[in-house]
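All chains are identified by letter, namely A, B, C and D, in their written order; residue positions are counted from 1 within each chain.
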Amino acid sequence: MQLGMIGLGRMGANIVRRVVKDGHECVVYDRNRDAVKAMAGEDNVTGVSSYAELAEKLSKPRVVWVMVPAGDITTGVIEELAKTLDTNDIVIDGGNSYYRDDIKHAQMLADKGIRLLDCGTSGGVWGRERGYCLMVGGDDDAFNHAEPIFATVAPGVDAAPRTPGRDGEVAQSEKGYLHCGSAGSGHFVKMVHNGIEYGMMASLAEGLNILRNADIGTRIQKGQGDAETAPLANPEYYQYNINIPDVTELWRRGSVIESWLLDLTAIALHQAPDLKEFAGHVSDSGEGRWTCIAAIDEGVPAPVLTSALYSRFASRRLDEFADKALSAMRKQFGGHDEKASG
Amino acid sequence: MQLGMIGLGRMGANIVRRVVKDGHECVVYDRNRDAVKAMAGEDNVTGVSSYAELAEKLSKPRVVWVMVPAGDITTGVIEELAKTLDTNDIVIDGGNSYYRDDIKHAQMLADKGIRLLDCGTSGGVWGRERGYCLMVGGDDDAFNHAEPIFATVAPGVDAAPRTPGRDGEVAQSEKGYLHCGSAGSGHFVKMVHNGIEYGMMASLAEGLNILRNADIGTRIQKGQGDAETAPLANPEYYQYNINIPDVTELWRRGSVIESWLLDLTAIALHQAPDLKEFAGHVSDSGEGRWTCIAAIDEGVPAPVLTSALYSRFASRRLDEFADKALSAMRKQFGGHDEKASG
Amino acid sequence: MQLGMIGLGRMGANIVRRVVKDGHECVVYDRNRDAVKAMAGEDNVTGVSSYAELAEKLSKPRVVWVMVPAGDITTGVIEELAKTLDTNDIVIDGGNSYYRDDIKHAQMLADKGIRLLDCGTSGGVWGRERGYCLMVGGDDDAFNHAEPIFATVAPGVDAAPRTPGRDGEVAQSEKGYLHCGSAGSGHFVKMVHNGIEYGMMASLAEGLNILRNADIGTRIQKGQGDAETAPLANPEYYQYNINIPDVTELWRRGSVIESWLLDLTAIALHQAPDLKEFAGHVSDSGEGRWTCIAAIDEGVPAPVLTSALYSRFASRRLDEFADKALSAMRKQFGGHDEKASG
Amino acid sequence: MQLGMIGLGRMGANIVRRVVKDGHECVVYDRNRDAVKAMAGEDNVTGVSSYAELAEKLSKPRVVWVMVPAGDITTGVIEELAKTLDTNDIVIDGGNSYYRDDIKHAQMLADKGIRLLDCGTSGGVWGRERGYCLMVGGDDDAFNHAEPIFATVAPGVDAAPRTPGRDGEVAQSEKGYLHCGSAGSGHFVKMVHNGIEYGMMASLAEGLNILRNADIGTRIQKGQGDAETAPLANPEYYQYNINIPDVTELWRRGSVIESWLLDLTAIALHQAPDLKEFAGHVSDSGEGRWTCIAAIDEGVPAPVLTSALYSRFASRRLDEFADKALSAMRKQFGGHDEKASG
């Protein structure tokens, strides 16, 4: 079938490549004309230079995948695109949109008879090869119409051994995509997925930091602390120089924490055991925040996911005034001056 | 080669089976004679009824794997066993011992010329089939002597694709076992592994709970709160009935959080979507606690791992007095009575 | 001056009593006519039975304090009230409104030339005697006009020793009320105040729980744990029976944690050392949640305040599915059955 | 009565001054002779230059207060001092010792018939004027003998209004000192006190940081985020410039969070609203760590107190390797480069 693609960044371009490789036809647009030119030469790919041209080249009901940054940019693209589309056409928002925006966008499009599918897309730069895990929300009929595209973009059942007990016909979820429910549900599930991702990443990162400092007893003398600093009571227990790249490699086989994130960590540490190229300023891109806000709204505890989020904020020194306030209080009640170094 | 095994619980028995399957010979002891009888009939397995008999049946330097509960029981077994061993014999503590105990045990055995290898063993009930991930601490020579056993018990390099960049000769860590350093380092690394495991498990669990409550807007009326309870400001955003077993199955392919723990969660939820058989009282078995204590001693933050640990404590209602104190304060300053239900 | 009061619950009634005691005149309304009757007999208090009558009895520009539950009820009252007010009249929202609602309400009222002052009001049941700490947002002129009321309701400078360095003229903040900024700023500051309150309360509660369990070594035998439970390694360090009511009383004099919350805790524990009347289901009433959402929106870490919030959620067992998921995972990988009791 | 004092730092010297002012007699020693000279001239103060001279000048049973840094220094002083003392003499350890050390010290001294009282001492630089809150552990008879000293050093009942319900005879705890139980219990209670202090301080600091960033909507454009950074969805809600010194002053009267720590914060912010003199590297001095370790050992959740501790670690950048690991993972799965600034 035909798919329109708006946005030829890394993700958009790789999705197009998976789609055409499977025999579908893509009509592609990007506001950067060079990006369009770069893909237009490939098999089954047609480049266009406007939304109008895109609409013209697609047979109805049109299916257009929007893969642009979340927020105002996505809203703008959808609004603009809607002007060229007709009743029953389908817009897939495959970006990292806030699920609440999906609800608004779906309503806006519904007013024109256009249908929105929100599609959380996981897989990063590896997705072209591994396939993308797709979490889809929206109208049933629209989902059914677009399903062949999702099946192509997703990894497929062979990407993992079947879960014991899941025999016979292969379920949708086993193919790597899932219609999760009404508008916004796809991005809701993707949001929680990323929240979990933050937690898992932080779990690994904290653990590795504990291993990294397992030699602290060789660096700090027993009882060296003063009234300002806790002395290390038991340096004899912290005398280890752990080879962290080896440990992450080790855990990849037979351990309880086998995971793709561990695989990636092992790659990164094999390339650079000290991770010297990084400063440790960790960005966050929305879903982690929204997951925690959802937990708070629902009234369910999410201490691990929220701690992971806050650690990212702290990595960017956004707690500076709080820390200064602590030092100020300590000076007031105890006359403690700050120490030059931690 | 020959291996003595003390402790024929699930883990001990399965390790013996992996070892003999690979052509080694095992002499096995358990204080439960039935456990010994049950295995004694198997190929290459000899049952014994005392430490003395165990020592007699093994050629020197003997290698004896101790697989019994951590703490006083392990200490008792090692002390007793030491009486029947000779200089250069090797004791492998494969249980969940605190690494600080290893340091004591190693010193105690060293006084008799016996060598301790502490061996953190991950793999659970699946280890017999998948192999066990082994984290080993202790003397170099002792490790080298016992290495064939570790190689047999571990999963081997084929258990996972090689990490990109790791070409040529297969490293020890790639085979699924690693000599991590001096006495205690094996259990130290295993401890941190389990700490990470707690964090990853909690990440998944919290995320699933957020999905589970994505329908809260259908259960709570807008603005229904009173002075005692926060009203749900935006029920329109929480109208989803997410199929959680499907979602966990979905994430197994192509998502960033692919992991063995996710695989297991998908199994459990496929078997029982509501997890009704569980009350949600989550045990903790030492390593999670010790990991957090190590973080505190080292002075490094571990908010995610510690939150995961505390959630387990809370699941067992160990925060009851704290909660009562909060209610008491609320009553004092605001005249708030506790609500009948949360 | 004259003040209209809508809402004669505990807070509203007590504020009226402070206001009239200081010589001002109050016109009071409550949808519960008995509440109006109960106050109408008091000096300087006039009861009315409708918003129209309220408007009629107040000279312009009218000042009407709304003290009703936050959310839809407050919105409804303000909308209804606005119909009877005129340009330049002032509405004070003294409830626990979300500051974002203030912004909406202020805009809505501004369309009619009416001015909103949002007024975060702290003090609880003790406010009548101690005075209320008032955090006010909104228009400068409106604030200036209503200031005598705020000065009366607030505790006044004598409620605490002046801060060293603050000599000479008494600042607004020293009198116990503050014009914090534009619409919503009052409730924003009150929101953060309550967020801090949650954190301080939890700090005390957690600490008392640690004292409460300082005898755990007398209840749990050393090494009594099994593969499912961490044994207590060092029961000799947990042999204390701490008299917690005495400790909270003690800390009230000379300690760093002297605080009103500690005073209240000491009262509660003196009345009932075991706090047996409480089940430990701790409500939360909005501000704690909103504070954490503000932290997330701003991108600043608030791990302590958020942990305090999540503990309240957990006290109401809202983490149940997460806990079940943990038990299910443990069963899958380790064959662990849940223990009957924690 | 007579009191020996070893250690004339700020705390030791101020305690001596409270003691002699009340008519007692002090014999003082410090390894820094100048410190001794500086005090020796004061009324009722006798300076000595050795432990032997100290012992000689005190009548039996001697009472010697040791006020030196915790850890090896305190242990060394107690060991040395014990050589010059006799049966029934009393050593008060008033420093910040780990309560586990008290248990060891008490046993060591008991072997010589000398009695240890461990005395947690709160009050900081303000204690000389306010009195010190004293938490005492150890032998009953020893406590009773030394009680007049504790009564003098403590603030006394008048330091706070009596708790409603506490009428009639003034209890020990109301005077500002308390015999908490056996050896170590005093420092155990002091440890938890400081743990609570960490939590309260962090509660205030986090809240102030949220106020500080209430203007973030004026600094960040709506939707300005990119794929790497969460955009601020609702800048219209973060337009406030809050005067934080005024807010802390305000809260001192009538609010729920009235506290001495708030008083001190108000002082600090009045002196320097931007706290520019501080870098925000916050030390921790033992008790916060030990409190969290106690919580873990006891198996009770302490997420707030532990988060407060970890924030201090993070303020000293001790999470650097963890942050780098997060950036490395993000680069691996998403091709994300670190942003130059947070």
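Quick note on the criterion: a residue touches a chain if its C-beta (ideal position, glycine included) is under 8 Å from a C-beta of that chain, and two chains touch if they have at least 3 such contacts.
None of these values were measured; they are calculated from a predicted model.
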| item | value |
| --- | --- |
| Copies chain C and chain B - interface residue numbers shared by over half, same or different | same |
| Farthest chain (mean CA position) relative to chain C | B |
| Mean-CA-position distance for chain D and chain C (Å) | 28 |
| Length of the line joining the C-alpha centres of chain B and chain C, rounded to whole Å | 43 |
| Centre-of-Cα separation between chain D and chain B, whole angstrom | 37 |
| Multi-chain contact sites of chain C, meaning residues that touch two or more partners | 124, 202, 204, 206, 209, 213, 230, 233, 256, 260-261, 267, 284, 289, 297-303, 307, 310-311, 314, 316, 318-319, 322, 333 |
| Touching residues on chain B, where the partner in the complex is chain D | 256, 284, 289, 292-293, 296-303, 306-307, 309-311, 313-314, 316, 318-319, 322, 333 |
| Partner chain A, residues of chain B touching it in the complex | 99-100, 103, 122-124, 127, 130-133, 135, 154-157, 159-160, 163-166, 171-178, 180-182, 184-185, 188-189, 192-200, 202-204, 206-207, 209-211, 213-214, 216, 230, 232-234, 236-243, 246-247, 249-263, 266-267, 270-271, 291, 294-295, 297-305, 307-308, 310-311 |
| Contact set on chain D toward chain A in their complex | 10, 69-73, 96, 98, 124-126, 201-202, 204-206, 208-209, 212-213, 222-223, 225-231, 233, 260-261, 264-265, 267-269, 272, 275, 278-286, 288-289, 303, 307, 311-312, 314-336, 338-339, 341-342 |
